[in-house]
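Worksheet: the structure to be examined is printed underneath.
We just call them A, B, C, D, E and F in the order they show up, numbering each chain from 1.
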Amino acid sequence: MDINKRYESGINVMEELFSKEVRTGMKGINDISPDLWNMIVSFGFGELYSRDIISLKQREYITLTTLITQGAFDQYKVHLQAALNIGVTKEEIIEIIIQCAGYVGFPKAVQAMGIAGEIFKQNE
Amino acid sequence: MDINKRYESGINVMEELFSKEVRTGMKGINDISPDLWNMIVSFGFGELYSRDIISLKQREYITLTTLITQGAFDQYKVHLQAALNIGVTKEEIIEIIIQCAGYVGFPKAVQAMGIAGEIFKQNE
Amino acid sequence: MDINKRYESGINVMEELFSKEVRTGMKGINDISPDLWNMIVSFGFGELYSRDIISLKQREYITLTTLITQGAFDQYKVHLQAALNIGVTKEEIIEIIIQCAGYVGFPKAVQAMGIAGEIFKQNE
Amino acid sequence: MDINKRYESGINVMEELFSKEVRTGMKGINDISPDLWNMIVSFGFGELYSRDIISLKQREYITLTTLITQGAFDQYKVHLQAALNIGVTKEEIIEIIIQCAGYVGFPKAVQAMGIAGEIFKQNE
Amino acid sequence: MDINKRYESGINVMEELFSKEVRTGMKGINDISPDLWNMIVSFGFGELYSRDIISLKQREYITLTTLITQGAFDQYKVHLQAALNIGVTKEEIIEIIIQCAGYVGFPKAVQAMGIAGEIFKQNE
Amino acid sequence: MDINKRYESGINVMEELFSKEVRTGMKGINDISPDLWNMIVSFGFGELYSRDIISLKQREYITLTTLITQGAFDQYKVHLQAALNIGVTKEEIIEIIIQCAGYVGFPKAVQAMGIAGEIFKQNE
């Protein structure tokens, strides 16, 4: 894949995942470090999320799980909405969190479920 | 679900996931602490893995991801084989690891891929 | 232990540990996922905290330590108050944090101590 | 406390916790970095473990918990033996691990229990 | 080094790193636990930061890296300003974060860069 | 930077950092997943390590610190040798570990120092 295509395909995935408002917020990174922004778009979304074999939904399963495990709840919030945007259901998200409970312990599972509750409400 | 059913359904899931040899090894925990063994079977496998909405394959996506993120590579090894046993393909596992690379960094992704290589070889 | 007894004994432990207000807050989880709520009460509190051999106080030593180590400071705050409620002294909590300093480093110890200071003030 | 007393009191605590063989192994650090060795003895054991209010046994509860949570199983092994040396019972150690299961997830609890089984056998 | 010198040299390093306002805030720890305060000043800053061979700037490289890796963003914020105070440039900080991206993943790198952006603005 | 240049510059950095033997070992990843291999070379080394503003030595300070913090000791071992190869001194490495001790706790610092001792011996 050439350089421009990577960036473009990253932007395409981001449009699928995030609302315009969220993407504008994310782009704040570009003002501080255009290079990191470029890496996020071209490598993060353009190379990783744009790959085949597993679907965008399955990638969000992985992303939500790793963010819960890391306790990275700010990014988790953003990807929770992204997951809903591309069709992961509320019920699936609850299952991801419950499955995580046994693997990362209750504290992170409870925090993840509380945040999910907020996001679900905003989507009603 | 009543107590005996939980245990039974845990044993059923474990038979689906793990070879007899692995299950015998796991049961070593029973000699040290029958209570922890009971929790693993009844709660871990009987309550968590036996739930609906998402499939056993999807649960292994979550399990592999959280184990890579935690750096819990001994358990990861066991679940890598389990994932293959229930039909997660080699190609899907590679995608899980690559998706993780962007979220947990290269060191854990490289270690996860190296272990996957070994397990793939044993399955040839 | 049968299913109802597990739930009941979980509720009993929670009443010992947490104020009515905190328990009401916690029960918000029940609105999002009754299953996770059930696991927290029946497994978390009913099976784990209700066990013998070590006391509820000793269990809170363990809980506070693991939460500091994980950097799970929201849950830590709740268990700090719980520890005080069941008779863990202010001085013991300070010792737990100081012992942790050598094992998890100063940043988490300092954050844990700052939060402890707030909770101590609320209890004066 | 003056400098020499800190070092001395660190050595005293270490003699209580660890066998001669283990202490000799630990002192290998002294050959690589006498300064780190000094910090471990004087600060780690001399300042932290020598404090009052909570007992040496309670400190080992904290140490074992934080090491399980971190997945630092090499150091955990050493402190498991130390805990047994100062009178923490096999049954208490099993309880620490079971309490941790709910807070850090099953993978680390299972690994901690497996190692405990080995150490228990060596102590028979 | 004798006890008083350690404390003094810790205070000196802290004056170099942190503004008067920040140091006053930090000293809140002293009201909760004078012992932890003493350890932070004498051991943390007096023994660790006051050592030779590597410079204060290089020590802040290490500190920022470990705090990003741990996700300890409150302490990271304080040390970001400290790094700027002793002459680490904005460009160097951006490089530290970008280097971390490959080792800890994008979520923590993005959060670190966002906070850096805020601190840079306050320093304009 | 175009695609081929990224790969080439990654290979160049890797030749500077790692012995032929180590590079051959690393390339095992290529047999399992040529895509991950490509990302490591082109993104990890070609994009991150090849940047200016901070030196390769400074990048290894960051790498060693994040690996110690994560407890990723297999990769740490490889980068310890890399650091020595490009001129980071034994004394500097000891300082990195000692600075980390205050931020990640003694268990990881001790393990890092023990491994450093082994690598130093192999380099004598």
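Here, a residue touches a chain if its C-beta (ideal position, glycine included) is under 8 Å from a C-beta of that chain, and two chains touch if they have at least 3 such contacts.
Just so we're clear, the structure is a prediction, and the values are computed from it rather than from any experiment.
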### If a chain touches subunit E and subunit F alike, it appears here
A, B, C, D
### Query
Can you name the chain that lies farthest from subunit B, using the mean of each chain's Cα atoms as its centre?
E
### Task
Tell me which chain's centre, taken as the mean of its C-alpha atoms, is farthest from subunit C.
F
### Query
In whole angstrom, what separates the CA-based centres of subunit B and subunit C?
29
### Centre-to-centre distance between subunit F and subunit B (centres being mean Cα positions), rounded to whole Å
30
### Summary
subunit A to subunit B, mean C-alpha position gap in Å, rounds to 23
### Query
Residue numbers in subunit A touching 2 or more other chains?
35, 39, 43-44, 51, 66-67, 70-71, 94, 98, 101-107
### Message
Applying the document's contact rule, which stretches of subunit C touch subunit D when the two form their complex?
### Response
43-44, 48-49, 51, 53-54, 58-59, 61-63, 65-70, 91-92, 94-96, 98-104
### Query
Which subunit D residues qualify as touching subunit B in the complex?
71, 94, 97-98, 101, 105-111, 113-114, 116-117, 120
### Summary
subunit B partner, complex, touching residues on subunit F are 28-29, 31-33, 35-36, 39-40, 44, 66-67, 70-72, 74-75
## Note on the structure
The subunit C residues in contact with subunit B across the complex are 1-3, 35, 39, 43, 47, 51
## Note on the structure
Residue positions on subunit C within touch of subunit F in the complex are 101-107
